[in-house]
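Going in written order, the chains are labelled A, B, C, D, E and F, and every chain counts its residues from 1.
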Amino acid sequence: MDIMNKLRLGLPKGSLQDSTFKIFAKAGFHINVSSRSYHPNIDDPEIEPVLLRAQEIPRYVESGILDAGLTGFDWVVENGVESKIVEVAELLYAKQGLGKVRWVLAVPEESSIKNAKDLEGKSIATEVMNITKKYLKKHNVKADVEFSWGATEVKAGELVDAIVEITETGSSLKANKLRIVDTILESTTRLIANKKSLQNPWKKRKLEEISMLLKGALAAEEKVGLKMNVRCADLDRIMKMLPSLKSPTISYLNNKEWVALEIVIDEKTVRGLIPKLKKAGAQGIIEYPLNKIIV
Amino acid sequence: MDIMNKLRLGLPKGSLQDSTFKIFAKAGFHINVSSRSYHPNIDDPEIEPVLLRAQEIPRYVESGILDAGLTGFDWVVENGVESKIVEVAELLYAKQGLGKVRWVLAVPEESSIKNAKDLEGKSIATEVMNITKKYLKKHNVKADVEFSWGATEVKAGELVDAIVEITETGSSLKANKLRIVDTILESTTRLIANKKSLQNPWKKRKLEEISMLLKGALAAEEKVGLKMNVRCADLDRIMKMLPSLKSPTISYLNNKEWVALEIVIDEKTVRGLIPKLKKAGAQGIIEYPLNKIIV
Amino acid sequence: MDIMNKLRLGLPKGSLQDSTFKIFAKAGFHINVSSRSYHPNIDDPEIEPVLLRAQEIPRYVESGILDAGLTGFDWVVENGVESKIVEVAELLYAKQGLGKVRWVLAVPEESSIKNAKDLEGKSIATEVMNITKKYLKKHNVKADVEFSWGATEVKAGELVDAIVEITETGSSLKANKLRIVDTILESTTRLIANKKSLQNPWKKRKLEEISMLLKGALAAEEKVGLKMNVRCADLDRIMKMLPSLKSPTISYLNNKEWVALEIVIDEKTVRGLIPKLKKAGAQGIIEYPLNKIIV
Amino acid sequence: MDIMNKLRLGLPKGSLQDSTFKIFAKAGFHINVSSRSYHPNIDDPEIEPVLLRAQEIPRYVESGILDAGLTGFDWVVENGVESKIVEVAELLYAKQGLGKVRWVLAVPEESSIKNAKDLEGKSIATEVMNITKKYLKKHNVKADVEFSWGATEVKAGELVDAIVEITETGSSLKANKLRIVDTILESTTRLIANKKSLQNPWKKRKLEEISMLLKGALAAEEKVGLKMNVRCADLDRIMKMLPSLKSPTISYLNNKEWVALEIVIDEKTVRGLIPKLKKAGAQGIIEYPLNKIIV
Amino acid sequence: MDIMNKLRLGLPKGSLQDSTFKIFAKAGFHINVSSRSYHPNIDDPEIEPVLLRAQEIPRYVESGILDAGLTGFDWVVENGVESKIVEVAELLYAKQGLGKVRWVLAVPEESSIKNAKDLEGKSIATEVMNITKKYLKKHNVKADVEFSWGATEVKAGELVDAIVEITETGSSLKANKLRIVDTILESTTRLIANKKSLQNPWKKRKLEEISMLLKGALAAEEKVGLKMNVRCADLDRIMKMLPSLKSPTISYLNNKEWVALEIVIDEKTVRGLIPKLKKAGAQGIIEYPLNKIIV
Amino acid sequence: MDIMNKLRLGLPKGSLQDSTFKIFAKAGFHINVSSRSYHPNIDDPEIEPVLLRAQEIPRYVESGILDAGLTGFDWVVENGVESKIVEVAELLYAKQGLGKVRWVLAVPEESSIKNAKDLEGKSIATEVMNITKKYLKKHNVKADVEFSWGATEVKAGELVDAIVEITETGSSLKANKLRIVDTILESTTRLIANKKSLQNPWKKRKLEEISMLLKGALAAEEKVGLKMNVRCADLDRIMKMLPSLKSPTISYLNNKEWVALEIVIDEKTVRGLIPKLKKAGAQGIIEYPLNKIIV
């Protein structure tokens, strides 16, 4: 096999792994991994996937051991390689939920710490040592930052004065009676690439195709197809109800008084739209699932 | 948030919970529940869901603590609130299967009890004390009814003379060598509402929309879309094969001798229909899944 | 119920069971099995399913205890009934993966056995005694064949000289440091029927319908629907990109400059096709899942 | 089998089941239960065990369907049969922990209810309707008591004003931000018997033996054997350190200057005692586990 | 390592594996097995354990590939090697229960087959082809014996006329509505050895030691130690209550009027003995567990 | 509660947690932990346990946030606090096995790295950054050390040149085809204490008692009690067979020709000793388990 036609791609092991494999499958790339291996199989001979902790992917993309990788923006920053790699795409997905996480500075509810300045001389536990130190530097504050091997939330108050911890909804922090003082970094999943790899035209095109297909699969996650039959007389009125940016497909039917109208829209808007469409005379409304959308 | 624009909705905890959440998701409302909590999250700020045992929902809908709720008709009757609440919709779904359950009077196969009259002076174990007592009263029979905390089926014969127990297919009763004497109540899931809440126009409209979307999602569970290409000459013959009530969508194709025919039908009828359609000349028959159907 | 209108059908218990039930469900037949029972329920009163080990199904189809059954070609051969039953259809599915398995002759990597002739006087462990003996006979070799109750792979080298074992990808053999000497038999799932049963016209037609629906469901596993809007001017160019054998459905739109193009294609080809279609001017490309395809 | 020589014994199904079977096993009676059955096997032909919910055992012991049973004192009271059955033994064991539970009246932390009197006109949810009503009557208070089918703790405040709920350590109540207003009933496990059955001398003796062996096994749970070698000169001093009520076994050794001292004591006291014994000159101290103790 | 000082020992994989490892551990040999391996580790360098199906162990002990092995007597017979191997010990243990199993001839309850003679011309499914054929031969009966790959019990009546199946309590046969016609073979676990290996004095002695320790551990499973203090005056009377074959250890105490009595007895007899001992004046009765007993 | 009489004790969360709790229970301290909490309950009001990652315990013992803690010697060194804390006891236990682990420098089997010197300019992945850097410094070698977030073994060769990884038996390294170049650190579990805390006499004594009881419980893990009856004539000969350091307890029996001999010995030596004892005339040999041993 010609090494030039092989893209070495880092995939995140652990909590993001299942959702990553699922979105690749919807994009048309089927990956499966035998237990304990870090070289999964993929049904595209042009890709060589490597399963690694999200924390370590930026490091190996930067050094060129990997051509590209999927990881969180947070770990790109923690590794200090923002300007040393290229971000090919932002991909909004996550283990569950919205796909957006925040690293926040949190303290016990009753703590006297109200802002960054109050951290002077305090101790902070975190998994992201560099992000935290950068934040302190920006605020010109000196504090003791220590690496936390886990269960960071329970340390605040008793073992350290503050923590810098990841959160999606804030509910776990609340359950531990912690108060968020500041958001230090917002992060989403990114497809990043090594700079040199991108100078190779084959690798560049391959990455763009992967990126297009992943985005198409992600878009389909949140959208559905909607079909309905509409009397020609009602068409204009109904067209106005539809999200303005989308151009529906209208096709002729046997019965000349009716047309079939088909549109792809956000699944979230359907539940509000259907009662209105029905009132406006639409008939035989059906909603169906999608695999991919390339606009 | 304006309290007037909030619908307090009881959802059944336990065996019906998963299927309820799934049907709501298909209807466009995504619910998730953290463990042990009875206040799930829903992505509609106008709904405040409360997770409760199906047995208790009728009581709280009747008293107005809830505006509406999903529960079984059996628990509406057991709570004695049939005439004190309003039934908004009957929803045919269940943990699995058809969605219809029966409460039956059952006795050991070899018991001498053949009908309600034979219960005179006997003991009956059941989870539905009131339904059972009402049944006895209707038949003008006196018997000892005792509350069963579970495993009711194994009690018949040894601990009590008869039981009143829920069954879907009767197979569990048969496995316990019990004979059904009578069906006391048939029950399906219902969307019920508090009378006063329905006098509020906003709540009334909101409930009707939820009802329409749930029904649309349930309808889609049992139906599929079917598409095929049909020669114009065969169209009439093929049209007659299709379930008469449905009006298929017929659209023109590039090749003027053919039309594309699309129809939504019961998934159950497809396996019988396809061999006939193919024989009649239909080509490129494809079946695809649906999310929602609003007729 | 009229016994003439009942088809007794053997279904494989164990590793193939889940995938068999899933493909039947997609074909429109819903089977469920209570634990430990070998008489599952099916929602077609004309079929009487019997759950049996794949190894035993050929034997009972041959003897007429079953009218038909699903099993592997390997077990048809092992039971020696190839010419005594009728193969109605080959069905490419499996627990996972491609649906094709091989029985191979394997030896320790360092073994001196290089071909069938080298087996003379050696010992061989296998689950397929008859297939192995037939192979030895064909090569005119005498060797000691012993039945292996499981874990055959670990025996090679220490307990026996060679094994005949099933493999899909060969990875398990490699992990046990075994070398494949020869492929003895390739096998896929088959729908087989008793010869006498096929002389009954009703049973013959029923089996053909089941076969058609199963194939339709299997075809849908690997295909997807693709829709897109295409400018009339681009139509020819885009048509040429599509797999030549398929005839896409083209329908007219409100906007006369565009047509809607719809096609069913291999899911595997989509990821390569989409970037090209987009470059060629296709818009609003969506991919959707299918349940069944009857060409 | 002679029915006179058979003791029908109710055993609690569910949360107490495992610990009950374990303590019976230590007492010398080995029970095993096939799934879903309520007639477990026991290796004593004179006992016929019946597996029932603890809530229902008092009812069937009172009516004579069972000769005896293990249940909680709470369910004896809830069934209103305290004076209609005989308590043979109190057995201090539980799913885990001390074996003592309390039913408490609890309200939301911020509730204005401070004592029983404040319940006037309020609503109370509970699994123990009769215990609660009796408590209200005793305090001459009128309140609305409703049966709770589960998850009682989350109801307080929002659905009802107060609850009567079981607790061992109070931690679950605290987690739900509830305040205990009063303890309504303390309960432990009891071996209870039907009055008439106790008039049968064989059944009476059988029950006494079971009771003695269960108590012996329970005693052994909390005790250990302790052996040590002690110089005769130190004997008196060491004897004084030991719990005064126990008489240790002292036996002569080959070496006349030493004796072997053996004692059965509370496991809990060992960790405090050992450092002192060692200081006082005891040697070769060993602690060993016990199965049964009959003092 | 000197190959002469190494005993190659087959251990049964699968259902007997856990109980085998446990009894070896009590005997003082600690085995652990990494998943999928058939060469477990043991903390005795003189033993080389090999994990194999019980069915295959007799074959490899007979051929000398193994020096010895643990397997069921049934598989010794099925392999036809009773006279070609040496039985070193019978070991009464099993997955659970008594350790004794039976292979029985069973038919549907309503079958007309009442004894071996009635099998003439019938079909029989079984996992033990040779044992079954030998039985038929003994009774001079001709029948069709077919190998059953599992779930043999459900086949009787519908697929075959009779089965030969393993049973411990008969409860599974009863659940399948089968009637036992005859017991064909009783079987227990055996330690068997290759004849040639036993001519090696070192291997012979090693096997005898393993046998002694396994038996010691098995004996301890069913026995307990019992200690009590007895007044010298009561000693004779109490001695007579004890199982006659055992000689208790009686030792002197400080208090000359009492002796300490210690005895090892069947755990099963304790629950009957304790009430009598107590009545007879024994005090401070304690029961303690044992690891090994070598009488 | 008086803060002076409270010992704040760090316990290792995670892989060592279960075995730690078990050994504390045998020592007489019963700990239980509600999920996600890091403040377990203990039945000694003088101890306040804190559940923390073993990696972090040395840091907090050194700073005085904890009085003492259980952790590995490796993490004491990694935190660089060897001389800043006091080691109270070495405790030989582990998740499983011997309780001794090694951090080793490992490379792919085919690597050219043969010793520390060969690491010059290479990359090393490890969880113990400081231990590794110290090792490099000692050998006066410069290499690139990077923190590994897990799955370190699979990185060697492809992502880095060498790893420093923990191993107990080396089997996982072998499975990954790695070669051990050097052992960098051997580690066992330690009870460590803060220097200032030890100046408090109450805390010092408390720690010594905990230490004595833990050691007593650990000793009992590997030892058993052995009793036997020995003819006076055989006593000397049998005494000589016993491990010389132990002094057995010999007590007189009723039968003057025999004595009872009791000894505590290593469980490992029993299986070799018993055949010899029996040959030498010992009778009624029984082995029993122990909870604690304080020599």
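To be clear about the criterion, a contact is a pair of C-beta atoms (placed from the backbone, for glycine too) under 8 Å apart; a residue touches a chain by one contact, two chains touch by 3 or more.
Quick caveat: nothing in here was measured; it's all calculated off a predicted structure.
The fewest steps needed to get from chain A to chain D, moving only between touching chains, is 2.
Farthest from chain D, judged by the mean position of CA atoms in each chain, is C. Distances between chain centres, each the mean of the C-alpha atoms, put A farthest from chain E.
For the self-contact between chain A and chain B, the two sides draw on mostly distinct residue numbers; the shared fraction is below half. Two chain pairs are in question, A-F and B-C; the one with more C-beta pairs in contact is B-C.
Averaged C-alpha coordinates put the centre of chain D at 37 Å from the centre of chain F. Separating the centre of chain B from that of chain E, both taken as means of CA atoms, is a distance of 54 Å.
With each centre defined as the average position of its C-alpha atoms, the distance from chain B to chain F rounds to 59 Å. Residue positions of chain B touching 2 or more other chains: 251-252, 288-289. Screening every pair of chains for touch gives A-B, A-C, A-F, B-C, B-D, C-E, D-E, D-F, E-F. Put simply, chain B touches chain D in their complex at residues 13, 36-38, 52-53, 55-56, 59-60, 65, 146, 148-151, 154, 158-159. Put simply, chain F touches chain E in their complex at residues 171, 224, 229, 251-255, 260, 267-268, 270-271, 274-275, 278, 283-289. Put simply, chain A touches chain C in their complex at residues 27-29, 34, 43-44, 208-209, 212-213, 216, 220, 225, 247, 249-252, 259, 264, 288-295.
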